[in-house]
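What follows is a short report on a single structure.
Naming follows writing order (A, B, C and D), and every chain is counted from residue 1.
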Amino acid sequence: MQQITILIHCADQKGIIAAVTNFILKVEGNIVYIDQHVDVEQNVFFMRLECELINKNISLSMIKEDFENTIATDFKMSWEIHIKDQKPKMALFVSKYDHCLFDILGRFSAGELNVEIPLIISNHEDLRPIAERFNIPFFCIPFTKENKEEGEKLQIELLKQHKIDFLVLARYMQIITPTLISLYENKIINIHHSFLPAFPGAKPYHSAFKRGVKIIGATSHYVTEALDEGPIIEQDITRVSHINSIDDFIMIGRDLERIVLARAIKLHAERKTMVYGNKTVVFY
Amino acid sequence: MQQITILIHCADQKGIIAAVTNFILKVEGNIVYIDQHVDVEQNVFFMRLECELINKNISLSMIKEDFENTIATDFKMSWEIHIKDQKPKMALFVSKYDHCLFDILGRFSAGELNVEIPLIISNHEDLRPIAERFNIPFFCIPFTKENKEEGEKLQIELLKQHKIDFLVLARYMQIITPTLISLYENKIINIHHSFLPAFPGAKPYHSAFKRGVKIIGATSHYVTEALDEGPIIEQDITRVSHINSIDDFIMIGRDLERIVLARAIKLHAERKTMVYGNKTVVFY
Amino acid sequence: MQQITILIHCADQKGIIAAVTNFILKVEGNIVYIDQHVDVEQNVFFMRLECELINKNISLSMIKEDFENTIATDFKMSWEIHIKDQKPKMALFVSKYDHCLFDILGRFSAGELNVEIPLIISNHEDLRPIAERFNIPFFCIPFTKENKEEGEKLQIELLKQHKIDFLVLARYMQIITPTLISLYENKIINIHHSFLPAFPGAKPYHSAFKRGVKIIGATSHYVTEALDEGPIIEQDITRVSHINSIDDFIMIGRDLERIVLARAIKLHAERKTMVYGNKTVVFY
Amino acid sequence: MQQITILIHCADQKGIIAAVTNFILKVEGNIVYIDQHVDVEQNVFFMRLECELINKNISLSMIKEDFENTIATDFKMSWEIHIKDQKPKMALFVSKYDHCLFDILGRFSAGELNVEIPLIISNHEDLRPIAERFNIPFFCIPFTKENKEEGEKLQIELLKQHKIDFLVLARYMQIITPTLISLYENKIINIHHSFLPAFPGAKPYHSAFKRGVKIIGATSHYVTEALDEGPIIEQDITRVSHINSIDDFIMIGRDLERIVLARAIKLHAERKTMVYGNKTVVFY
């Protein structure tokens, strides 16, 4: 039995839920999960629905066409339908820090992530041995101010060639170029090592130490052109105290970075996030 | 415009959501919140729905009758409809500990709790001055093995007389009698000072200290005849360490008790909890 | 048996701990708690020590004199000695929000806070009934741009008259004047409703909502002339999600404000905080 | 400059801290960390001290002899001195679950753990490929009721041969034998997937689900003969709700298991834990 996930958003109107659930009934789908959200301020309706297609005579393409021609048109919906078994293809971008990479590849190997990882791209050679240990193709594309254009071109070629669905910056220490961002809008996940909006930019642990905070954090977010200002997917924090040095902050923070990035990957891969304005709706 | 909250549970079946949302559409309700849950193991469907009644010509009693005669019957639903503005009446049971009482009355006075508090019942006189400070009627009903029957009778009379909807045991140090429990099934909220099921019964902080745990907790739950085994509404914990004495545990725990009990009261008063088997569904 | 608390800080040097513990031995003190911290960056040594004075023939004033003339001089120490039973006098500053006030007075009445509260000062009359309910003198001193100087003068007179040791701003909505800050350096505790340094200034919940954060927080700190930039005493956070409105943020935040402020009061009242640079050392 | 860590415990007596710090002064040590704890109930004194040995003419063996003959004898101390640069040798025991193994080996490879890992022992062949990927020798010793004695003998031989200092059971699904426990008293770390003492024994996630708890946890502890009752090193929890299935509990729990086990390994490897009675003192 095929299982599909439907994501919908549109202007909030009377009768949407009834219309959608009636439609599912009509195509003999069995709803196993449904959740919706209304952004009252902006008057936007969001829905996430998982259902099993019981009648094999009603194909997915028929359903899609029918959906588009009826309620999607009626309610002016933006919508996506994903087949649950089709794993999205994820590209990992790394530089020299290895802790997030180890964590993601460990989880991937342990079967925890609903993704394929066709390749790892780095601006340094340092982490190639780790990629090889996990049998993931590793491409080193040096990236400096001088070769920016060339580097970006190579990156995009590789991503297209491997039909990449979304990117994960696992402590990748380069700014993503606007062209790449526009190609993967709301599909590039970054991990920043502070509870944003506190301490954006470089060296957040040093700034946190200097400020004398009692908690440090990490934030995963979609990358936009404004540095560290994209829609937040997930955040978490840990308590620190005066006994902790900057080095302690960095070490403690590694666990936050690992966890908060892994959660964001999981949520995105399972199509549980939707972006609107500069915010996310995250369906659990 | 009247706002109502509908709580439904029944065996899980195809088409329930569509049927309910179609019904709301028919009576010209505007859904402002809808959430549902399916317990796959037990095949039970749960729904919580808030809607505004737009058409004043369609009265609540007409809606109730219509609902009962159509889909409630079709799907064999258990259901309740509450008017959002009608605050439930809560009775507080206390003994000698004052911290939860201060917290609840402070919140109540600050307008945070959607309840009325017609009375406080205690087996001791100690907390009467606090009740008086907040202008809440206080009734002392001594409760010993000898006068159990008489005490219970007096309690029940008071509760009936004041049309009490639910009870909150704010560190009340007596066992609630089976008769009272059966009169207020899933309507008596207790706070236990451990993360149940660890450390049930008396002196949980002492047991926690002896066991050398690194976290202590508190649990709010509905009272059933099995001591500390009723459906859990909310739990929370705090870290402790070897430097903490039993007295520290007790002091730190007071904050947990306050918070965890207050959250349970809020959830219950806003009709966000449903009980099935020995568990709760808590809609946020 | 008298119990005292000693707080020391000085440049880090070899032999400090030995010298201090030898001194305590000499005056027949029984150390029940000792903790120290070295700020490696700034080369500052901090110590907090609790001891019981066993020999009644050795008076506290003798000890103080001896301490000053020997090791305090040798190591160029800044130091304080407090008698554990002497409760510090705390002044509460409030405006119109009542939730922190209820919480503090509830805790105070329940015997949780090691303080006296000789008075409450407010720039509005609104909360007078609460003060009266708890029998705490309440003084309303209106505070506008026009009467700033006069208002400050009245405040300071009241504080002196009641021999106030430290101030707590329980959601007091006025800027504290530099004169008052200099009179109570590191002795004015404020609660700010965000995890600083994120969202300083006005309306932090609104800013947090707009930014789409997944956690909100509260911060208690000592007041300095730079708004919301003083030494942080305590912080905590709670998870939020897209389903929460700004009103939810405000309501959820009230619990954070209460808890984080209460912890700071407790720490300060028990002489567990020391300030250096713009940071705190908090001994638990 | 050599750096050493000293761990001490003995009956609490007047003058211990002074004696120890005077001793360090005498041997020209520079104290960089000192922490102590008194268990008031049991009258036991604990101390952990890190210092740099500045004078190269005073050797560690001279210090040890001097310490033993003077204050260790005077105060009847149990004590250990560790050289900070000497990494303890850790043996990993695993069965079929791979997530903790991936996490530990990832952290180890990333340089986060102050240990050597000379070998992995398993009762199954399943995880051999992971060991090989990280170049750690892997020994499969089947372990059934029938070959228990033989299996234990082989385990002990391997541990001795590799001079193992402590054992980590990374979801090892066999009971450790009393002989092995007695050889490595307070040196075998286990991870249990519940917040003990709740849900000891098999299938804790299933029990937690059945009980309807709102938090699940994990506990790392030293192994004693009483199953899941040894001294607790670290615990942590995560919130769950009615929407989570048993499979969700298991998946969410994996992160808890990883983190809580990794923290315990770090604490033990850095000699920050001391055991007394059935509790731990954990110096941060």
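Keep in mind that, in the parts below, a contact is a pair of C-beta atoms (placed from the backbone, for glycine too) under 8 Å apart; a residue touches a chain by one contact, two chains touch by 3 or more.
Computed from a predicted structure; not experimentally measured.
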Subunit C and subunit B - chains in contact with each: A, D
Centroid-based (C-alpha) most distant chain relative to subunit A: C
Mean-CA-position distance for subunit D and subunit A (Å): 36
Cα-centroid distance, subunit B relative to subunit D, in whole angstrom: 42
Where subunit B touches two or more other chains at once, by residue number: 243
Subunit B residues within the subunit D interface of the complex: 37, 39-40, 195-199, 211-215, 217, 231-237, 241-243, 245, 277-282
Subunit A-facing residues of subunit D, complex: 98-99, 102-103, 105-107, 109-110, 112, 130, 133-134, 243, 251, 254-255, 259, 262, 284
Of subunit B, residues touching subunit A in the complex: 14-15, 17-18, 21-22, 24-25, 30-32, 34-36, 38
